[in-house]
Amino acid sequence: MDSVFGLVVKRIGMGILTLFAISIIFFMGVEALPGDLAEEILGQNALPETVAAFRKELKLDLPPHERYFSWLGDLMKGDLGKSLANGRPVVDLVGWRFANTMFLAISAAVIAVPVAILLGIIAALYRNSLFDRAISIATLSTISFPEFFVAYILIALLSVQLIIFPSISNINDQMSFWQKIYAIVLPCLTLTLVVVAHMMRQTRAAIINILASPFIEMARLKGIHRTRVIVMHAFLNALSPVINVIALNLAYLVVGVVIVEVVFVYPGLGQLMVDSVSKRDIPVVQACGLIFAAVYIGLNLTADVLSIISNPRLRNPR
Amino acid sequence: MSKIKELEQLFTKGKITRRDFITRVSALGFMAAVSPALLSSTAKAATPKKGGRFIIGITGGSTTDSMDPATLTSNMNQNVNWQIRNNLVEIDHNFNAIPELAESWDSTPDAKVWTFKLRKGIEFHNGKTMTAEDVIFSINHHLGEKSKSAAKAYLKSIKAIKADGKHEVIFELSGGSADFPFILGDYHLTICPAGTEGLEWEKGIGTGGYILESWEPGVRSFSKRNPNYWKEGRAHFDEIETLSIVDTNARTNALKTGRINYMDRVELKTVHLMKRMPGVNVSAITGTAHYTIPMRLDQKPYNDNNVRMALKLAVNREQLVKQMLRGYGEPGNDHPIAPVNKYYAKDLEQRKYDPEKAKFYMKKAGMLDHTFNLHAADAAFAGAVDAAVLMKEQAKKAGININVVREPDDGYWSNVWMKKEWCMCYWGGRPTEDMMFSVAYSDGAPWNDTLWKNDRFNKLLISARAELDKDKRRKLYWEMQEICRNDSGTIVPMFNQMVEASSDKLAHGPISGHMALDGMRTPERWWFA
Amino acid sequence: MAFFKLLRKSPIIARIGLVMILLNIAAAILAPVIAPYSETEVVGDVWMPMSSEHLLGTDHIGRDMFTRLLYGARNTIATAFVITMFSFAVGISCGFFAATLGGWSDLILSRLVDILMAIPVLIFALVALAIVGNSIPKLVVVIALLDSTRVYRLSRAVAMDIEVVEYVEAARLRGEGTWWLMRHEILPNAMPPLVAEFGLRFCFVFLFIAALSFLGLGIQPPTADWGGMVRENSGAITFGIFTPLWPAGAIAFLTVGVNFIVDWFLNVASGLQD
C-alpha cells in the first residue's frame, strides 16, 4: 500500500505541473486567436481610439508574458482575478456554475454507471443471445444520434407531447433540491443515454476477453457456476479497463456537456467557457480550464489507483 | 385607402395570408406595420391590463455581457437595459422622437445649441432624484479620451454639455444637427445616477419601469415592476424574466410549452410551421436593418464607378430575398435608407438585375477577365456565405467572375470588415437618414467602410443635417439617396424583416420597426390581455 | 482467402453486419450514379413529405433527402475512416511504446497526453480550428490528434496489463526487442479491446463533427455529411417532422453494422467456443 501512497503523492505533484502547463497552453491559445477582448466586445462598433482606451483600462496593452505572470502571481495568492468583460470576480462567475455542472454530472453518473456495468455483465453472460443483440443494437443506436438530437427527441416526446418534464432546465438558487432534480430530468437522461453504451460495451468486451484466460477455465473446471465465474472472477479481473472507461466517461460528464447545456439552457461551466473563449476573456477561460483539468486529473488518478488495487500483478511492479 | 380596407377585411376573415396581406399593402405604398389589421384581435380591443410575469427567451446573450451602457452590445442587454433605464428621448413606432426623461426640447435656428428640459421629481431605483448632473454624467461617460464606448462615434459633434439649473441641460454642437434628439434616443445613452462606476453598473440602477432584482450575464435577468414608475400607461407586467436562449429549437420548444411568452429570431425556414402552432402569434416587421456588401474604393479596380455599377447590376435582389430571406424582406436599392425611414425616396427607381447592362459596364471598365474576391463569413450575418455563393452564380450570367473567399467567423469585424477589398456586412440601421449616412457614408466617418468620398453628397449631408424645414430636407435626402445609389461603393441587396413569435395571450399596440422586440421595449409596451 | 474461409464459418449476425457495411460503401461509391438529383440542388419546398419524386422527402432548404444521404455516405464514411485510422495509428504506437519502454518515455508521453486530455475536447477543437482555419484536412488532423489521446490511454492500459503477464516477461528474458514485443506479444493480445474501441471511435467521429457543426464549425455546408445533416434538420423534430431521423438512422445503421463485425471479431479472437 505504501507504493500506492507514493504514487498518489507523485501524481498530485505531476497534476500540479500539468495544470501549470495547461494554463500556459490556454493563455497562448487565446492569445493566438484573432482579435482581443476589446475588439470582440465592441465588434462592429469599435473605433481605434475606443479599442485603445479599452485595452489600456484592462492592461491588455502590456506584453503577454507580463500579463501571464501577473495572473499567475495573483493565483498563487489565491486570487482568480476578475472578468475582463464585466469586472465581476471570477470566483463569483465560476463558483455556482461549477456546482451546477457537478450536480448534473453526478446525477447522470449515478444512473449511468450501474446501468452500464449491469448491462455489460449481463451481455457478457448471455453473449450472442437475442438479449445481447438487443442491448447492443439499442445502445449503439442511442450513441449514433448526436446528443443534441437525442435531447430534441426527448423534449419532443416528454416535454411537448406528453408535457411531463420542462424543456429548459435553467435552475436557480431559489429552487429546492427536488425542484432542481425535476428540472434536470431531461438533460440527465440525455447524458445517460450518451455515455451508457460506451461503458457497457467496454465492460462486455473486457469480460469476454478475460473469459478466455486459463484461470477462468480453471474456475470452470472446478465446477463454479457460470454467473459466479463471470461476476466474481472475470469481472474483477476485467476491472482495470472498465475503471478506465468509466473515468473517461465521468470526465466527459463534467467537461464535455457544453451542447447539453446550450440545448437545455442549463447554467453550467461549459457555456461560460465557450462564451469567454469567443470574447477572449482570459481570466475566466483560465479558471474554467483549470477546473476542468483538475477534475480530469483527479478522476484519472482515482482510476489508476483503483486499477492498481484491483490488479494484484500491478500492485508490485518490477 | 378603400383598397387597404378591402385587404384588411380579406385578411381578418382569413381569405388571404398574413404575408400576402403585407406584400399587397406594401405594394400600395403603405407600411404594413402601421395597419391595425396586423395586430392580433385582442390587441385591437383591449386596453392595457396590469399583472403577470412576462418571460422572454432571447438570443445574443453572453456570459461576458455587462450592464455598463458603454459596452452594452448584445440583444439581451439592450432589452434589459430598457426595462430598468430610460433615455432623454424615446423613438416611437413611427420613427418620431418623443419625450422620455426630457419633457421637451428646443434648439437655436441653426440647430447648433439644444436645450433639454428634464422632467421633475423623477427618482432612481435607489431613491436619488434625477437631475441635470446625472444626465451630464451619463452622456460624458461615452465621451473623452478614456471612453471605451460603442456610442462614441456618433457623439463626436458634442462640443460642450452644461447644466442650467437642476432641470435643464444644454448641448453645444460643433455643427447644426436637426436630428440631435434622435441620437439621444440611442440605447447606449440611458441615464444612470452620477458617479456610477465599476461593478455598480451591474446593479442596474435607473429610472425605468422595472427594478432589477437579479442579473446573471448570459443566463437570466429578473426584474419587478417599479411601483413609482413615472411614465403613464407603460410597464404593465408585475415581473419580467429575461432568459438567454441561444439555441433556436430550445426557444421554440420553450414557447410551445409555455415556458416563455416571447421569442426573437424565428428561424425563417420554420416560420410557416410556427404560424400553425396553436396559441402562438408570429410577427414579421420591416425595420431599418439591412445587408451591405462594401467595396474599398482606395483599391483597384473598385475606384472605377463602371466596375461598381456592373457589380451592382449583377446582383439579383429578388432572388436573394426569396432564397435567403424566404420572402421576409425587401430588395435594397443600393442606399441604406429603409422604407420605414421618414425621408425614404419611394419613387427612386428600383435597381434591377440586368446581366447585359452589367456586362456592358464591366466591358467599359475593361475588367471582364478580372476575378473579384468576395470575402464572406457567417459572422457578417446568418447565411452570408450562401448569399455570396448565390451572387457568384448570378454574376456568372453577366460574364463576371466572383471568387468567394471564406473567412473565419472569429474576429470577422476586426480583421475582414473594412480591411478586405470587398466583403459581406450587416447594419442594424439608424432611425434617421442623417444618422445612417453620417455613420457609414460621410467622408472621414470612422465606419465609412468603402472610404467613399463624394463632395456633393457630403455637402448635402451637412446642409440637410442643419435644415429644420421638412420639405427641404426631403428633397435633400432624395438627392443623397440617388447619389448613393449610383456612385457609392456599397451594394445594398436587401432589407430583412424581424420575425418573432409570442404567446397569443399577449396584447400590444403598433409594433416598432426601429429595433427587434418592438423597439426593444416589449417589457414596457406589451401586456397580458 | 483466409478471410472467406472465416466468413463461411461466421455467424449470421456477422454476415448481416457485413452486408450493412457493404451497402453503405456501395452507396458511397455509387452516389453520383444512383442519386436522382445533384448534391446541392434545391428541388422543392422545405421538408416535403416522402413521395415518389423524393423518396425520403426534402431537407431544410428543399434539397432531395435521398440524394443528400447518398452523398453524405461518401463524405462521412471517408472522413470518419481517415480520422479513425490516423488516430489509431498514432495512439496505438505511442501507447504500446510507452507501456513497453516504461521510464522516461512513458512519463513524458503520458504527461503530454494527460495535458492534452485534460483540456475539454470541444474547447480544444474550437480554439485550434479558429487558429488554423476550418477546412476538411485541418479538421481531420485536429480531430485525429484529439482522438489519438484516448486511444493512447486505452492501449497503454491494456498493454500494461499484458506486459506484466508472464509470457511477455519470458520473451523479454529471451532478449526480444521492444518492437518485437509490441508486434508479437502485445498487439495480438490487446486486439480485442482495441477493436471494440475502434468500432465506437469510428462512430464518435461523425458525432463529434456534428457537435462541432452545432457550434458553427466542422464540415461546412453545402457539403453533405450525416452529422451536419442531423444538425441542420434537427429543428424539424420540434414540429413533429421526422426528416432528421434519416441521417441519424444512417449513422445508426452504419454503427450497428460495424459493431456486429466487431462483436464477431471479439468472439473469434477470444477463442471462446460458445
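Order as written gives the chain letters A, B and C; numbering starts at 1 within each chain.
Everything that follows uses one rule, which is that contacts are C-beta pairs under 8 Å (C-beta built on N, C-alpha and C of every residue); 3 or more make two chains touch, one makes a residue touch a chain.
Everything quoted here is computed from the prediction, not taken from an experiment.
A.B. asks: Which chain pair is joined by more contacting C-beta pairs, A-C or B-C?
C.D. replies: A-C
A.B. asks: Which chain lies the greatest distance away from chain A when centres are computed from Cα atoms alone?
C.D. replies: Here the answer is chain B, farthest from chain A.
A.B. asks: Can you compute the centre-to-centre distance for chain A and chain B, using the mean CA position of each chain? Integer Å is fine.
C.D. replies: 41
A.B. asks: Let me have the rounded angstrom distance from the C-alpha centre of chain B over to the C-alpha centre of chain C, please.
C.D. replies: So the centre of chain B lies 46 Å away from the centre of chain C.
A.B. asks: Determine the centre-to-centre distance between chain A and chain C, using the mean Cα coordinates as centres, and give it in whole Å.
C.D. replies: That gives a centre separation of 21 Å.
A.B. asks: So which stretches of chain A touch two or more other chains?
C.D. replies: Correct list: 33-34, 152, 155-156, 160, 262.
A.B. asks: Could you tell me which residues belong to chain B and also touch two or more other chains?
C.D. replies: 249, 253, 256, 408, 410
A.B. asks: What positions in chain C touch 2 or more of the other chains?
C.D. replies: Where chain C meets two or more other chains at a single residue, that happens at 130, 234, 237-238.
A.B. asks: For chain A, which residues count as touching chain C in their complex?
C.D. replies: 14, 17-19, 21-22, 25-26, 29-30, 32-34, 127-128, 133, 136-137, 140-141, 143-149, 152-153, 155-156, 160, 197-198, 201-202, 205-206, 208-209, 211-212, 240-241, 244-245, 248, 255-256, 258-259, 262, 270, 273-274, 277, 289, 292-293, 296-297, 300, 307, 311, 313-314, 317-318
A.B. asks: Name, in rising order, each residue of chain C that touches chain A in their complex.
C.D. replies: Checking each residue of chain C against chain A gives 11, 13, 111, 114-115, 117-123, 126-128, 130-131, 150, 153-154, 157-158, 160-161, 164-165, 192-193, 196-197, 199-200, 203-204, 207, 210-211, 214-215, 227, 230-231, 234, 237-238, 240, 244, 248, 251-252, 254-256, 259, 263, 266-267, 270-272, 274.
A.B. asks: Under the stated contact criterion, what part of chain C meets chain B in this complex?
C.D. replies: Residues of chain C touching chain B: 42, 46, 60-61, 130, 133-134, 216, 220-222, 234-239, 241.
A.B. asks: If we count contacts the way the header does, which residues on chain A are in touch with chain B in the complex?
C.D. replies: Within the complex, chain A contacts chain B at residues 33-35, 37-51, 53-54, 56-57, 83, 85-88, 93, 152, 155-156, 159-160, 163, 166-168, 170, 172, 262-265, 267, 271-272, 275-276, 278-279, 281, 284.
A.B. asks: Which part of chain B faces chain C closely enough to touch in the complex?
C.D. replies: My answer: residues 248-249, 252-253, 256, 267, 269-270, 272-273, 277, 323, 378, 385-386, 406, 408-410.
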